[in-house]
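My questions will all concern the structure given below.
Each chain carries a letter (A, B, C, D, E and F) given by its place in the written order, and its residues are counted from 1.
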Amino acid sequence: MSTLTAQNRERLKEISVATLSTALMKKGLRNQVIYGSLPLNPKGPRMVGEAYTLRYIPAREDLDHIKVFEDRSHPQRKGIEECPPGHVFVIDSRKDARAASAGCILVTRLMKRGAAGIVTDGGFRDSPDIAQLDFPAYAVQPSAPTNLTRHHAMDLNVPIGCGDVAVYPGDIMVGDGEGVVVIPAGIANEVAEEGYAMTQFENFVEEQVRAGRTIFGLYPPDEKTRAEFEAYKAKKK
Amino acid sequence: MSTLTAQNRERLKEISVATLSTALMKKGLRNQVIYGSLPLNPKGPRMVGEAYTLRYIPAREDLDHIKVFEDRSHPQRKGIEECPPGHVFVIDSRKDARAASAGCILVTRLMKRGAAGIVTDGGFRDSPDIAQLDFPAYAVQPSAPTNLTRHHAMDLNVPIGCGDVAVYPGDIMVGDGEGVVVIPAGIANEVAEEGYAMTQFENFVEEQVRAGRTIFGLYPPDEKTRAEFEAYKAKKK
Amino acid sequence: MSTLTAQNRERLKEISVATLSTALMKKGLRNQVIYGSLPLNPKGPRMVGEAYTLRYIPAREDLDHIKVFEDRSHPQRKGIEECPPGHVFVIDSRKDARAASAGCILVTRLMKRGAAGIVTDGGFRDSPDIAQLDFPAYAVQPSAPTNLTRHHAMDLNVPIGCGDVAVYPGDIMVGDGEGVVVIPAGIANEVAEEGYAMTQFENFVEEQVRAGRTIFGLYPPDEKTRAEFEAYKAKKK
Amino acid sequence: MSTLTAQNRERLKEISVATLSTALMKKGLRNQVIYGSLPLNPKGPRMVGEAYTLRYIPAREDLDHIKVFEDRSHPQRKGIEECPPGHVFVIDSRKDARAASAGCILVTRLMKRGAAGIVTDGGFRDSPDIAQLDFPAYAVQPSAPTNLTRHHAMDLNVPIGCGDVAVYPGDIMVGDGEGVVVIPAGIANEVAEEGYAMTQFENFVEEQVRAGRTIFGLYPPDEKTRAEFEAYKAKKK
Amino acid sequence: MSTLTAQNRERLKEISVATLSTALMKKGLRNQVIYGSLPLNPKGPRMVGEAYTLRYIPAREDLDHIKVFEDRSHPQRKGIEECPPGHVFVIDSRKDARAASAGCILVTRLMKRGAAGIVTDGGFRDSPDIAQLDFPAYAVQPSAPTNLTRHHAMDLNVPIGCGDVAVYPGDIMVGDGEGVVVIPAGIANEVAEEGYAMTQFENFVEEQVRAGRTIFGLYPPDEKTRAEFEAYKAKKK
Amino acid sequence: MSTLTAQNRERLKEISVATLSTALMKKGLRNQVIYGSLPLNPKGPRMVGEAYTLRYIPAREDLDHIKVFEDRSHPQRKGIEECPPGHVFVIDSRKDARAASAGCILVTRLMKRGAAGIVTDGGFRDSPDIAQLDFPAYAVQPSAPTNLTRHHAMDLNVPIGCGDVAVYPGDIMVGDGEGVVVIPAGIANEVAEEGYAMTQFENFVEEQVRAGRTIFGLYPPDEKTRAEFEAYKAKKK
């Protein structure tokens, strides 16, 4: 679906969500970071992958009882088995963390199937166990109650809202230690390239600031700094 | 879609949302009143009709600009022209009233087309004008900004959440001076009949209480009260 | 319980909640206005009376079903029948308006029994009907669902929190068109007297300001204004 | 400060806040409507005027006691006496309505001095009295406690936030029955002219929709509708 | 008070709060997990014990000053000294974490007296020190201010609300790394047994999923899986 | 600006924010702890220093674009270069963490310039990197988007609100593992001394409680305990 190049996919693993959000702002997109969704394991692997979505609506007591999972077409269960490898499973939980969006068994299955991560604007149950997995998982807070108490899994791979951000299937989801950014599929390569260039420069700036240099003339750079940065890059090669 | 009888449709216009929510609770459904959505004109007409839904997701600056309305397939505009007469237009605005779900021109068109009302868990713009219409409209608060600043109209007549309640197309929406209740289509006749019986009894109780009677033995009724009520009903006929 | 004099009880009907809250602040009490609870009928009668309290805790599905009201010792029903005339029925709903604290039948009964008003930090059902009664009722918003869906009536006439304010049985509750203030029983006479004096002065100030006078030297008053006010009071007698 | 022409000032009294917010969005400004601030008297006069601002910070018990108003340089009192005629007094209350931003005496004085209105993202005390004045006043909710319990008046006529919107002194504040919009001073004439043209067209559309016409081809207009509208305007003159 | 068997008490230490909440949902109880209360030390010991409760109401400046603790009957201090060994001290802080529910000295004393844990829907002060104790403590967030600034300790061992859940004295409180669940005393043995059986099955499922098996037919199990699980259990013995 | 003695500055590093907030409450100041702002690195160094402030107002799209940082007088950048050594950089972000208040480059520069810490009632970007610095930083949550998307840096070193607390330039900011307290400059020495005495006593109490002693008579102390404590202090010297 997305035409993200292999090189840019690798680059996205090295660019922070903060830097990507600035690259997106330069293109007029000010609202691409999922509000409030944080990594269960901040020291776990970085996340990059296409969005595969699940939409929840509110539960209704007669429809959302414990037997529903016996149906193989139940969207939550079906989605876990159908999310393509390399994709990120993104859940619209209407920012309601009072019931779980998923639990450790499903997240483990998703990991085994080769998915790139899981994101909700609600909560996960079994969150201490999920935090142990070598798998990126993002949520607003732990939430022990089963999804059935609040959520009804409605459909798969439709455009959704997640944490006040629009997520279209195929958008590139990138996650690091402070959150998740949504890059529209059509501009993913450009944003990766812009973000890569920005990161190189920020690394140079960090080095200079750690060495005691003022930010004036450095960040943003004046002519002299720009020349220094070119020399720094040349030397790095 | 729904098989609500004409008699029960009329009855629903006489039963309060409060009474209907109790009738639903007796069936195990505790969460059918749309939270926070109130009538713009509390003294306007009662609302009864099948749900016809619109789903919004968050806006994205490059997709949601002023030109989008030129497209006749834009779901908000299309929905206004396709909502069947007698139906209620119900909007999932993700409880975000920072931009309008609709404005007076569209609400007027909906009224002219014979719809039974409009409900959002967000806000309406031109709300003072909408409040003048002889048409039931429910929202959380006035909201002047156009929908494009926050909302992207995504699809029509799919199951949605509205004010933390599940709304399936065809469910019966009933609104009065204090809010809106969602009656699942399959039990609408039963609930209307139960609500009708409850209302008759509550009217009797109100009359008694206004005359100075204690609620003990009256509400809920003991044997003696039940007999009195049967006599009252017989006399009323 | 309270020793509020008859004269001060009458005076409290003429003093605004705003003025009383300032009189309380002068005594070091900064947090006596119930946050968010507004009159259903802003043009209805003023409210003054001793607090009689009901405490709700969260509901539990097995305990809070429709049959509980058959028990005459159910605290909500018992309280409505036992609240002394002249008292205000104050309900701790934990600031949760997602279910009703009471409905029109009970409020009517309370009115008939001679109570002075009803206050909740949640919502009332049948609120359009309650707004028609000649009886002061204060709530955060309309709420159609029966109390059983969220609230369990626990006990009567214990100290409670209401809208983030402590309410002790016997405290003097005063309500006007913009809210409710809680005056600790022990200082009710002093506060009424202070508030009465403040109101006389504010009326004088309002008159002056309407006539075009600056607030400097007037509000608060300098020596000259104080003298004018004394003359004004003398003339009024 | 602003160069709003007299004609455009008059026009702004006829253009809805909703229409103005769309005119602003066309210029890339998506966040100019003050969230949650509604008119105390929805049927009162329209508001148009330059912003004159007051900034509150949180109160501190030792600094914010009842004596502070004796000081003529107290910013709240000073601002009320210095706000230029025709200006709107705009208050940054940090969206905290738990204490009043102002009360009826000060609002009356402001009215007498010829101000064009008052806006807060908090609350007013004496709100039922303020609602009686022939003066536009906007707040989030009634709030009886004196400002001293929560707010410390800090400075006058500096740029502030109000309801999540930036307000610079001299910006044009426009209020109608559903809220307040902030028009940056430098584009006020353009926005007034664009809004005026939009309003003429919307009036035409309303008329057509009331007569039963579909919104397709009408709103937004196709070529044929554009021609009809030109004819309609010609006839109106 | 509770008749929880020693074996079931031990079992509860091995069952996750997530699993217990599902076991409760099977019995129709959808709202037993305390919302937002998380362990200060997620790697600390598990918590199981009967509820012993403290109820706070809002503070009032004249009643809640620093001298109140000198009174031995002050409910917070008395409760800490009277909470029975093996019980969990549960505090109704009205979900207000702006002041502490308790601090390290009292929590240490509770631990020394043999209590099983402490839970609040507010915050604890000295939270970094409490997190070092070998004692389960659950709160919404750290909160340095003393309880007196917001809370007045009202009574001990009455039914309360905690994080929107009803807690009756004697209910079984179970806490793990993601929160706390309240098991009504009367069904504690059944729930422990159901939860124990569920945990055995979930362990089997986890093992299978980690080995790469699909969840279809496994979770929930079909006939074949059920047989496999019986074999697995038999082998385990 | 502040006359905090060197000895008291050292003492403040040993006194908990909890203890200091009680010392302030004894002086009538109940609202000095910044609500919700927690350390990024709870195990990092303690923070003590004078407040140097930055005030943000809401962003406006035409004013807050990526080029603004090229201006050396931009208050955020200027403030980072001008904050005096030993001072704490305190940011009024209007409790809005949807965009960053600052990022790692600026925080590093501040550290290198000898500042004592940084506090916001919003969020920081690059928060995992900031958490690695040997520098106290306090925020409500991680926030990747650049400040420009929500915040406009307005002015430096004016009185502000931060997390609902008034902060005046020169006030003493103290931070530990559970938050930040604001000590008005004029009473900083007194509060440090009172807090120091309280801490000595609390250490004694902790020791006693760990050894199994009841809190009755100990905390608060009776005559006998006071004598014991004097002996304990004498022995410590």
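Everything below uses one rule, namely that contacts are C-beta pairs under 8 Å (C-beta built on N, C-alpha and C of every residue); 3 or more make two chains touch, one makes a residue touch a chain.
No experiment lies behind these values; they were computed from the predicted model shown.
J.: Could you tell me which chains make contact with chain C and chain D both?
T.: B
J.: By the touch rule set out at the top, what is the minimum number of steps from chain D to chain F?
T.: The fewest steps needed to get from chain D to chain F is 1.
J.: For the homomeric pair chain E and chain F, should the interface be classed as same or different, according to whether the shared residue numbers exceed half of all numbers used?
T.: different
J.: By residue number, over half of the contact pairs should agree; on that basis which option among E-F, D-F or A-B is the same interface as C-D?
T.: E-F
J.: Just give me the whole-number Å value for how far the CA centre of chain B lies from that of chain E.
T.: 39
J.: Roughly how many whole angstrom separate the Cα centroids of chain B and chain D?
T.: 32
J.: Using mean CA coordinates as chain centres, what's the chain C-chain E distance in Å?
T.: The mean C-alpha positions of chain C and chain E differ by 37 Å.
J.: Multi-chain contacts only, two chains or more: what residues does chain D have there?
T.: 30-31
J.: Quick one: which chain pairs are touching?
T.: The set of touching chain pairs is A-B, A-E, A-F, B-C, B-D, C-D, C-E, D-F, E-F.
J.: Which positions of chain F touch chain D when the two form their complex?
T.: Against chain D, the touching part of chain F is residues 27-31, 57-63, 94-96, 152, 154-155, 158-161, 164-166, 184.
J.: Can you tell me which positions in chain E touch chain A when the two form their complex?
T.: 16-18, 20-22, 25-26, 30-31, 33, 35-36, 38, 42, 176-179, 181, 202, 205-206, 209-210, 212, 214-216, 219-220
J.: Applying the document's contact rule, which stretches of chain F touch chain A when the two form their complex?
T.: 66, 69-70, 72, 77, 80-81, 98, 100, 103-106, 108-109, 112, 125-128, 141-146, 148-149
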